[in-house]
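Sharing a structure, written as structure tokens. Questions coming.
Here the chain labels run A, B, C and D in written order, and each chain numbers its own residues starting at 1.
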Amino acid sequence: MTDAPQPATQARHVPDRLNSSAARLFKSWEALLLAVAISIFMINSFASPYFLNAWNLSDATFNFTEKAMIAFAMALLIISGEIDLSVASIIALASTAMGLALQYGAGTPELVMVGLTVGLLCGAFNGFFVTVLGLPSIVVTIGTMSLFRGISFIILGDDAFRGYPSSFSWFGQGYIYWVFTVEMLLFVIIAIIYGVLLHKTNFGRAVYAIGNNPTAALFSGIRVQRVKFILFLLTGLMSGVAAVCLTSRLGSTRPSIAMGMELEVVTMVVLGGVNILGGSGTIPGVVIAAFVMGLVTFGLGLLNVPGIVMSIFIGLLLIGVIALPRLWAMVAARRKA
Amino acid sequence: MTHPAPHAPDVTPIVSMDMITKTFPGVKALDDVKLDLYPGQVTALVGENGAGKSTTVKILTGIYKTDGGTIRIDGQPVSFAAPNDAAKAGITAIHQETVLFDELSVAENIYIGHAPKTRFGLIDTSEMHRAASALLAEIGAPFNSHTQLRELGIANKHLVAIARALSVDARVVIMDEPTAALSHKEIEELYDLVDTLKSQGKAILFISHKFDEIFRIADRYTVFRDGAFVGDGRIADIAEDDLVTMMVGRSVDQIFPARAHDVGEEVLKVVGYEHPTEFSEINFSLNRGEILGFYGLVGAGRSEFMQALFGITKPSKGVCRINGDITVIRSPADAVSNGIVYVPEDRGKQGAVIGLPIFQNITLPSLGRTSRRGFLQMAEEFKLAREYSQRLDLRAAALDQDVGNLSGGNQQKVVIAKWLATQPQVIILDEPTKGIDIGSKAAVHEFMAELAAQGLSVIMVSSEIPEVIGMSDRVIVMREGRIAAELNGADLSPEILVRHAAGITSSSEGNAA
Amino acid sequence: QDDVRIALVVKALGIGFFEAAAEGAEEAAAELGNVEIIYTGPTDTTAEGQIEVINALIAQQVDAIAISANDTDALVPALQRAMQRGITVISWDSGVAPEGRQLHLNPSSNPLIGNMIIKLAADHLPDGGEVALLSATTTSTNQNIWIEEMMAVMGDYPEIEVVATVYGDDLADKSYREATGLMQSYPDLDAIIAPTSVGIVAAAQAVVDAGKVGEVNVTGLGLPSEMAGAIESGASQSFAIWNPIDLGYSATMLAYELSQNGVEATPGAEIPMGRMGALTLDENNEGAMADPFVYDASNIEQFKSIF
Amino acid sequence: MMRLVPVRETILAGAILVLLILVASRFPGFVAPSNLANVFNDTAPLIILALGQMVVILTRCIDLSVAANLALTGMAVAMINVAMPGLPIPVIIAIAILLGGALGAINGVLVWKLAIPPIVVTLGTMTIFRGIIFLISDGKWVNSHEMSPAFTGVPRMVLLGLPVLSWAAIVTIFLFAIMMARTQFGRSIFAVGGNPHAAVYTGIDVGKTQFWAFVVSGALAGLTGYLWVSRFAVAYVDIAGGFELEVVAACVIGGISIAGGIGSVGGAVLGALFLGVVKNALPVVNISPFWQLAISGSAILIAVAFNARAGRKKGRIILKEAEGAK
């Protein structure tokens, strides 16, 4: 390049950003979702006279706070290209372990410790199969989904653990101030922690890199397996937190606790704009999705619509929110041609 | 054995593309280009990376639809709705990427989509294997039609791709960089095959960045630059330098940069690296400011070894000393923190994190420096990214653009920028100029020399003899997973390199002579 | 609106038994005049589903909730919240723990039912034999209590041996498979007792499919409409049930009394329930509605079109 | 040659055999031909669905809506039967297959034309289908006494010693064996899953192949819907709830790679049979039913760990000595 026309020092200028941040925000999935959430809120306020009531809205949050806690960790896991379908079963096992601890005289602090520890251990078990043995996470967690709940069934059979101390009920039934529940506080704290972790830290950047191209991430010096293992641990831990809240809220443990919750968690994450194939998604998106799902279920519940019919709405929302922009783009492209 | 091709200028083309346009979001890949393919002649399509060569191939084979322009076959306008239409029109291609199926047998790979059928409409497996065996025999493939594709090496896979192209009775055969993955011997066989096809009156479109082979086998040329048609004509009527000038838009100095071969103290020493199946007895040392070339035939195990050095695979034995200290490298993260970085051969899969913006790709391994206590600092990141993208003359719309939207050469620059930003001691470049056009190639060479001059130690894995000889201070030749020779100075001649790489010892050469 | 809104919460929507109970509730509402019945429940038999339903009902500020619970304990906190907000809460059919409701209406007394199910089997086994239990889910409160009560009176039937208890989860296919499994594991089995309306139908079908009609008698608690076929084929000689219409009717009446007429639910209280007489509460604030009623070939025609 | 013995299938068949021997050592009655026929009959729906799921998984998709599709089709044909008891059963079966196929086509179109990831599509349609059952049935059950005797009779009708339900599975296995090995569609499925990028270049329409895979899976779910509802003689919203995971588990145990492109008809059938034998053996050997879930979970983990080990690439082997012979 010695006799290239341009001197090498005068390199061309590459701007930092293509679009302004306002433009990016406006076009984002979160904006679309927020619009959906606001419209649902409006529709609900018109449809039922009971909707705009602080206590009712507070009660309604129970429909999603526990699921959302797991959804935040699950969002990171899915962005990294993995998935954990065993979360509901981890709740069952963690709750059973707490029940067992109760039999041996554990107090509230010990119960919480047990729940969180079992959650972590289950996460480690999944993480081991996926990162050390290199197995596909969807299959591993379909297996552990049966295994974890199966162990609860072996321990409990047709029995139930009950008689949790009254101080323990604080987690799932307590109020911090006025209508603000303990679970809401946990939800906010966890949302902030995961939002910061994903969007503001090196770890979060590694999660995105792994989700977009795990091989290139490895070749860039990222400890891919370690990051994934940590993500499984976090998902297990959050399931443990949810187990504490749910057990506290129900005041008892049965092996069938939280059955089917994994699909609702995944639905929440996907509705929140996380690409199920990995690589993209945000925590604010998941937060809004949690509210959308909570508002839909609560609004329809006020009209005494059966849960299964609500799930039609959730299903349509899930497909529709992804399909409509694509349909629109297709129609626009056709009109142009 | 070749008949002189009918060079009569009035011979009509089989395929004639005219005013072809193709736009991708944000890129005008082809802009009113034209291309004619004549029976019994080889037309070379040349152009820089991203000039639109492969896009043209994909249009001719029905994979992409054009936005405008006409394609004529024997003078009749045609339009291809799907790849099958192109195949029915007699156009077949060996694509730049291997597009085959690991889990299917060789015969199925050859015939998938057009397998012979029985009376009941089911696939006639015995007929399929018979026909496939015949084809394989014709191209001299050393495996049979029942073999699973998975079991074949990269060169043999390419033979399957060639057999597949021949399995349709085509009049037009397209070869997009067919020799990039082949060894010397197989390349010669491919040239013979091209001659045979020519003599059968087929029109051949040949894409290559290697000028020696273009001048050896092509009859005509067509040049594209930045998606536009620049010119065409007969190879016999043009000199190499003029073709290069047409292609790049300026003249290119193909001389390797002059370098002062003064090297510093030892930086890296590898002792007795071994792997159960891939390599063994690797010993060498690397000095500051040195460019160490690794030459070998494709599949000699150079990349395997480099990846072990980088911590991707685990060697079973051996130690590595960095600045004299024994250092254990268990993962790429270890390698990076010890100042060893690796620019992989497979850019798309192992190099760039497609989906992440350019600046995040560049800062990915340096986050430790741009962040504060694990928290990201966007401004620092942009600063670092700006610095290195300028140093490498990166061509992009913005630093927050997805790296996947860049052309191959610019992706390569991002990968190199990412590593330079870590301020390494040793940089390993695996086939740094593979698939890179002649203009960018010179820039890469220039840049390597600059790095070495700044005191960086460079390991360059390359299969191109001129590059190895032109750039290296010292060359290690690998064969079948072992070091076959270490050469420098006067020993660096193409003949000696090839002899060691192919395992021809001097004595056997003496016998042969 | 001055209508009294009473929510009839069932284990799961779509089960014939509860549909019939809802009919009874409507009958009571018509009789009372100013009552609106909200018939609701989850679509699967889970406690979490019922909690969401209860939350929605609390939000609507209904006057009373009458619930057949999927879980004795798990619903307590939600129902307690309902009571705190001034809503009358009673349970019926399948109960909740005393702290989660004001009273519980048993369809019949548990000892009577426990005795009834074993007696139905024993009546057709004069020489004794092997019987097995096919229950609903492992967590169903009432099934578990009835089986306990049944075991307590087994001394009265020395010739009868209970060889196994299996769970069909109130799922037709699982119950069917469990019933088939029972006949395979115990080739000499004489009767299957299924104290659940889902299990009894599935067991009867399994007996027919295994060609064991006449060998294995299916009995327990079932709905005449669903069991008509089994009586006809002979797979079941007889079975029992209380009248779900009456049950829904009584629950509604009780809820109305408590929420509108200021009646206190205290041990020993007698609370009127329209045409069904009055409910006497025991020390746990529980009471039994009536005896179970036996259905066989002689009366099935008459009832199968009713519920 | 290695290829002639399908290793995975042989080992899985061996595992099933060992299981049978273990059970038989305590309960010889379990391996009596009549009981084995029962086990097969009981597993028939799982086999049929696993074959449909196999096709979908081979094309790099997943169909979580099979059980909901089954339930919806089952409810629809049951209601049709109640409304028109005279309608001949072959017509009912045709309706079931067509309706199931149509529901599968909805999944397929969303995956093909809108490129929505299959797991999202089928997660959505799974809940939508269940909801629709509730809407059309008003939540009510269709009970055996409402169904016509012909409707409930067909799957248990015995032909040549086996019930029609078993024959349905056998015919499906046979048709699939031919389809996967000897038809253009069957081979395309492997190609699309093995290397979708290359499939485009060879003129195979990836999206369209995936579409047809969903249609096939849906049609089989529809057929099973009729067989299921008529066999258990009841239709309601929740039938076969959660069965989709068992179907996926059967495929995984049978060595169908979740990443697409690898798997066989034999594997899917054996995977289903393995689960069927476990499920039927547990009550017989008197293991508490509470153990069943944990056992099938462990079986999935072992099978997938094993399959991954067997399928792991052996490296390229550059060193000559490592090849042994020389």
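As a convention for this text, contacts are C-beta pairs under 8 Å (C-beta built on N, C-alpha and C of every residue); 3 or more make two chains touch, one makes a residue touch a chain.
On a predicted model such as this, the values are computed, not experimentally measured, just so you know.
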Shared chain contacts [chain B and chain C, defined touch]: A, D
Chain centre separation (chain C, chain D; CA means) in Å: 36
Distance between chain centroids, defined by C-alpha means - chain A, chain D (Å): 30
Rounded Å distance between chain A and chain B, as computed from the means of their C-alpha atoms: 43
Overlap residues in chain C, where contacts from two or more other chains coincide: 13, 43-44, 138, 167
In chain A, residues with contacts to at least two other chains: 153, 157, 255, 260, 306, 308
Touching two or more other chains - residues of chain D: 130, 134, 139, 237, 290
Complete list of chain pairs which touch one another: A-B, A-C, A-D, B-D, C-D
Chain A partner contacts - residues on chain D that touch it in the complex: 62, 110, 114-117, 119-121, 123-128, 130-132, 134-135, 139, 237, 242, 245, 248-249, 252, 258-259, 288, 290-301, 304-305, 308
Of all residues in chain A, those that touch chain C in their complex: 48, 50-51, 53, 55-56, 59-60, 62-63, 153, 157-160, 162, 169, 172-173, 249-252, 254-260, 297-298, 301-302, 304, 306-308
For the chain B and chain A complex, residues of the former touching the latter: 250, 253, 257, 310, 312, 331-333, 335-337, 342, 344, 349-356, 359-360, 364-365, 367-368, 371, 374-376, 382, 386, 389-391, 393-401, 418, 442-443, 446
Chain D contact footprint on chain A (complex, rising order): 129, 133-136, 138-140, 142-151, 153-154, 156-157, 255, 260, 263, 266-267, 270, 275-277, 306, 308-309, 311-312, 314-316, 318-319, 322-323, 326-327, 330
Chain A-facing residues of chain C, complex: 13, 38, 40-44, 46-49, 51-53, 55-56, 58-61, 71-74, 76-77, 81, 85, 137-139, 144, 167
